[in-house]
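Okay, got some structures for you below.
The two complexes that follow have chain A in common; it is paired with chain B in the first and with chain C in the second.
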Partner chain A sequence: MTDLKNNEGHSHHHNHSVLPEEPELRVKAIETLLIQKGLIDPDTLNELIDTYENKIGPKNGARVVAKAWADDSYKERLLKNSTKAIEELSYTGRQGEHMVVVENTPETHNMVVCTLCSCYPWPVLGLPPSWYKSDEYRARAVREPRKVLKEFGLSLNEDVKIKVWDSTSEMRYLVLPMRPIGTEGFSEDELAKLVTRNSMIGTGLPELMDD
Partner chain B sequence: MIPNQLNHKTFEKPWHGQVFAITVSLFEKKIFKWSEFSDFLAQEIKKDNNMLRNGSDDYFYSWVKALERLLIKKKITNFSKIVEVKDLWSSAFLNTPHGKPVKIGDI
Partner chain C sequence: MTRPHDMGGRFGDGPIPIKVKNGKCVDDEPVFKFNWHAKALAVTLASASVGKWNIDKGRFFRESLPPSDYNRFSYYEKWLSALVNLLIEKKLINADELKNVVDVVTNNNNFSIKQKNHEHKDVLKPKDVSVTLGRGGPSKRENLKEPKYKIGDHVKTLNFSPNIFKIGGHTRLPIYARGKKGKIILQHDSHVLPDKSAHDLGDGQEHLYTVEFTSNELWGITNGNKNDIICIDLWESYLTDDT
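Showing the complex of A and B:
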């Protein structure tokens, strides 16, 4: 336990443990009740947390994108039946049951939002970043996508059409960004390194490394 | 301006991860359908939708409230029981000397 924050530089000693904030106490209460009922197991919880903190993340999605860039027949399968093609790489499971991959082209840029809550394709992107769950992004992505993209540092030409996809608990989207120019001859591994998380949500582009 | 965090931490606080894992774990046991949970989550987020929520602490607080409602709806527990156990934890924290493990007795 650490001392309370905002103690203005002086050490603030407590003779009791620091009382956690309200939601944390509520979570502790729920956890206690569910363990008592045998409905959850602390080891399973720790494994789940570890999985989403360390094992599942945008690196998975980057493999999908890189393979689509490198292999035309895979790309065709991916756009035709996204869930099945992603399954080929073993990225399956929770919140990835019904995937739709949308392809960026010189004419159309895609971006993904969940206006109601935070639906997101966990197996390929992990859990969503805070901004994806913020009121501002959820409200403005549909209303003024071009302006929002600009704030992400992405200025699209006026003639590029922006399509915004609203995720639901049934349907999850992954953006297939355009392959960067100058990457001819790159291996799949090299290509995967260029794929950023935001480029697969549509709020960014793949990044060419400086070296 | 929408913040563009490059260093994304999956769970900014341990309780965020905890409530996430509890929910997924119950879902895997087929205690509820994911859409049942996400409907409640969307309702909780909407209740307090003021363009100021940053999608971190406030988002997971909505998550906690949604899970509580779902557990009550499924008759797994009730609101007064949750408050009772929460109060036990509060007093345990306030009565446990700093540095000692905080525990509650049988519930």
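Showing the complex of A and C:
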């Protein structure tokens, strides 16, 4: 006999099987039904899409990193209470409620993954790139981080310690990369341009422009 | 007990799907690769306002998809399927309505969406999007209990699923880190316990810690690297003393 009490969700985890095979039609079906039932507002959908397409993205995180590079007291606040220091730049909320900034040093390189799903600091980095959500990254980053980094073009010295942060809770991790040599006297705006998305996940480094 | 989402450390996955040029990763992916990706994200976020399920329940529904579906679905397909299951569980839609609308969209390309005159009272309005996202849903909670551990303490994780409330229930202790010895490196106050929250059993807040494990402890000295560390956020009930 099936113990129904301990099988919460068994049957209703299969309702999705009536959805059509093509994903476009799946969305269309759900959207249509929810609008017809007065459960979602079509204008809200556009507003949400516009927010993540145009307003929230890795440019935010780059501002945080550049400020930390340019301003020692900000860097100190950022490492001590990351959520509060990031709030100073008005980056708050969904998927970034509790932030931890981890600093790269010559001895330690940090990288971030979420093996169980795809947790990622939205207010500072926007939505995650597809590789971050891929099985390949989720499965391999914790077991063979050096091989994974090599695929990104990042070869670390064998004696550099790698710290992999698996985002299993609501804490969200942002990597503070090392400031590139030769950027003395750069303004915060100039510094922010060097900060790549991957450098804040830990799968890349800041990049000095060639031109 | 395993579920398909718990894949940390798994063997058999190929190269990371990135574009590489001159030995370097080229990061030029658009935010949404297809329009339906954007719609899937927006419909999911907007529905959560009326459905009022918490993030843990949302995750549990995604990881509870049958393994064959979980593995073949793309990211947003998982989201959509879990969303439908949640909407039905919350009785916001029913299976017959879903069948009807699927029939309509599949067989008639020229129909237009008719909007209902009265809206659900909790519908997310466009003007509230920015405030709602900016507020988010903090998981930190007050807790009168003192933390059991402090930074520097040596601990050992449970060697079974910490979810004692539901068989096959939600938990955030990955299988690869069960029965392993580590050290507390950060303390994060008290947070909602996903193992309870995902099943409507209250917040059950507990002290949350970051525990570091050596690569050798997790993967053995043949597979590990003596210079690598894996840091995992773990709730107090996931841990025992390692003295």
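The rule is short, and it goes like this: the second predicted complex is superposed on the first by the 187 of 211 C-alpha atoms of A that agree within 3 Å, B and C clash if a C-alpha of one lies under 4 Å from a C-alpha of the other, contacts with A are read in each partner's own complex, and residues count from 1 in each chain.
Definition applied: contacts are C-beta pairs under 8 Å (C-beta built on N, C-alpha and C of every residue); 3 or more make two chains touch, one makes a residue touch a chain.
The model shown is predicted, which means the values in this text are computed figures rather than measured ones.
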Tell me which partner A:Leu45 touches in the superposition: chain B (first), chain C (second), both or neither. both
For A:Leu34, using the defined touch cut-off, is the partner it touches chain B, chain C, both, or neither? Pick first, second, both or neither. both
Classify the contacts of A:Arg197 with the two partner chains as first (chain B alone), second (chain C alone), both, or neither. both
Can A:Tyr137 be said to touch chain B (first), chain C (second), both, or neither? both
Could you tell me if A:Pro20 is touching chain B, chain C, both of them or neither one (first, second, both, neither)? both
If we overlay the two complexes on their shared chain A, which of chain B and chain C does A:Ser82 touch? Say first, second, both or neither. neither
Who contacts more of chain A, chain B or chain C? C
Now for A:Asn60: first (chain B), second (chain C), both, or neither, which partner does it touch? neither
Doubly contacted chain A residues - partners chain C and chain B: 13-16, 18-20, 23-34, 36-37, 39-41, 44-46, 48-49, 52-53, 57, 94-95, 116-118, 126-127, 129-131, 133-137, 139-140, 148, 151-153, 169-170, 197-198, 203
Can you name the residues of chain C that touch chain A in the complex? 5-18, 20, 23-25, 27, 29, 31-36, 38-43, 45-47, 50, 55, 59-66, 69, 74-77, 80-85, 87-89, 92-93, 95, 97-99, 101-102, 104-106, 113-120, 123-126, 129-130, 132-140, 166-169, 172-174, 176-177, 186, 188, 191-192, 194, 199, 208, 210, 212, 218-219, 223, 225, 227-235
Would you mind writing out the residues of chain A in touch with chain B in their complex? 1, 13-20, 23-34, 36-37, 39-41, 44-46, 48-49, 52-53, 57, 94-95, 116-119, 126-127, 129-137, 139-140, 148, 151-153, 169-170, 197-198, 203
Along chain B, where are the residues that touch chain A in the complex? 1-5, 8, 10-13, 15, 17-22, 24-27, 29, 31, 34-35, 38-39, 41-42, 45-46, 49-57, 59-61, 64, 67-68, 71, 76-77, 81-83, 85-86, 88-90, 93-100, 102, 104, 107
Chain A - residues contacting chain C, complex: 3, 6-9, 12-16, 18-20, 23-49, 51-53, 56-57, 92-98, 100, 113, 115-118, 126-127, 129-131, 133-143, 145-146, 148, 151-153, 158-171, 196-198, 203-204
